[in-house]
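In order of appearance the chains are A, B and C, and numbering begins at 1 in each one.
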């Protein structure tokens, strides 16, 4: 039996198990002024990490009350994902900067489809529908970039994120100082995350913002340690690059030896 | 290599991975007055969702204290599942109506075997053993029906449940008004659940009972939004049917296009 | 297509899915005085359960503050795992007894790679580096033994642990009385764990220490019931052996019929 056959079987298995293969969205993200596919105005698009983008033009008052969000936002944009919180939050931060919207809620599920980390639910508030939709569209596009320094293996994952200027989403999610350079290191299993935090702190002069671990808060019982920090742009990047180098070596000791970026590294 | 061979390999993989294939219980649920299989009186049977039904005729006093359950219940029935909380809770509600037992505890684990939702642990209290056993038997049977509007895909899942008359289990788990029509919508990833709640609320005049989300309570950090509501029987059903239609379209945008019921739809 | 071919495909699938196959660490645990593989002094080794052992010779003061651990420990040893908390905690208990170190933190993630249980993060504090490293090495070695009465299947898992004399790790994690015989039963799905607790309590005269369940505390929303108890050495073992016998029968009703130890039973 040749390799091609094994490939084919692997492909079928992967798809059926929902393991690695990204879902193939049945339609492309809709253009801004056009209704989504499937005849649903709510649908905007999908992205890496089983991320889906949706919009509700005019939230039902009954649900609006239950969601406990500010009454002034009639239209909400929604980014939800099975895999990832960091990539979606950093993407949403770009969306806030680029559009007339605010991030009004960020929640972390314990997910990643059997992996060690989080899924996410992010709500944007906007005064009108096109603004909410635009925020979701920008987020979906940015997610491809922010998955660039996410490295997964069967044993765990590593994540590094950087922004030159933190905005509302990063402030809400991590308490990042608005307008400053900001970075995060994530290691799973959590043991690796502890070392990443130490390496990052030693590699450059940064200001610690937070440290989250499986049982002491900041995670939804995920198997991660997350270190967040701000500071001079060069220092934040230097800390991230040092931690990434160590992280890739440590995670590869649990196999396989080569661990690839989910998309394309950007830091 | 023909399709049959691929099917065979897929079957072996599925079984080994515990992915989709339901476990094949090694014996049938025991008749009411007969000891379970394996020579264990505790065993009652299994059902869809890796659900197991058990009974303890006379709980050890040491354990009884630790469980913090009412002393008057010497016999307890147990329903536990890896996948599902809604189906088991709605099934238990039928069991309470049909037997001389009470639901004394409902706990939600973060489970579904790598999926986005919950597993469950439900305890029935009864004055004597046959009543506890009967409650478990009814629940196991009902679970096949209540999985009827559970729709799973590698990307997530949808759940819709309806009862014409809520009883003790639904009251305990969700605060459902006793004796009224009651329904729930569940969408995972949670982003889809937000839209389902909005669609249900707009489709008919219902009374909101609750809204649960990944990080704000009501879930065990599952990647779901759950909307619960009561009202006129026709209105509750109308809301559920509208949400189901939208949910199936949204979940299918994450692939695959056709998403099937776990058993047979009943709403 | 012969069995060997199916085996080969299964192997590739397993490895790619990260399902069952243990990761093959790319290097052996380093000898005590030698730097770990990959040129990283932090690396100590790996073990069953996707367990990794690490050491930080001199924790950065910034991180030390955030971790909220006692200032007197400059060097920390780290045991982290995707799968298992009990095996690692009982292993750490042996390490505390055998080395000049203390367990300063134990956290439980909701993990087991899509399974029903926990992952773990354990920190050792020591005055100097060789002590911290030695504690990690002992733990990694002991983990092979403490996985001996862990029994997994696609449907769930069982765990039984025993020590003749509890020390600091078991005291910190479970409140075990120091110096006494101590045991735990774990059953997943949680329904099975309820019966194991009852069987253990009835089988011998033991003192209950704790009872943890999915939604009422003691677990990180895992789908387990954990019963912990101390007492006379013979009684603790008798309780564990009785629970193990019942547990294997119950779990096998959810298939497959034969359920094997992860390594080699020791109780």
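Observations
Simple rule for what comes next: contacts are C-beta pairs under 8 Å (C-beta built on N, C-alpha and C of every residue); 3 or more make two chains touch, one makes a residue touch a chain.
Predicted model, so just to flag it, every value in this text is computed and none were measured.
Between the contact lists of chain A and chain B, the overlap consists of C. Relative orientation of chain A and chain C, expressed as the C-alpha superposition rotation angle, is 120° to the nearest 5. Measuring from the averaged C-alpha position of chain B to that of chain C gives a distance of 30 Å. Multi-chain contact residues of chain C, defined as those touching 2 or more other chains: 1, 9, 13, 17, 110, 113-114, 221.
Listing the residues of chain C that touch chain B in their complex gives 1, 6, 9-10, 13-14, 17, 19-20, 110, 113-116, 153-156, 189-192, 194-195, 197-198, 201-202, 206, 208, 210-211, 213-216, 219, 221-225, 227, 246, 249-250, 252-257. Those residues of chain C that touch chain A in the complex are listed here as 1, 5, 9, 12-13, 15-18, 23-27, 37-40, 42-43, 46, 50, 52-54, 56, 59-60, 62-63, 65-68, 76, 78-82, 106-111, 113-114, 119, 121, 123, 220-221.
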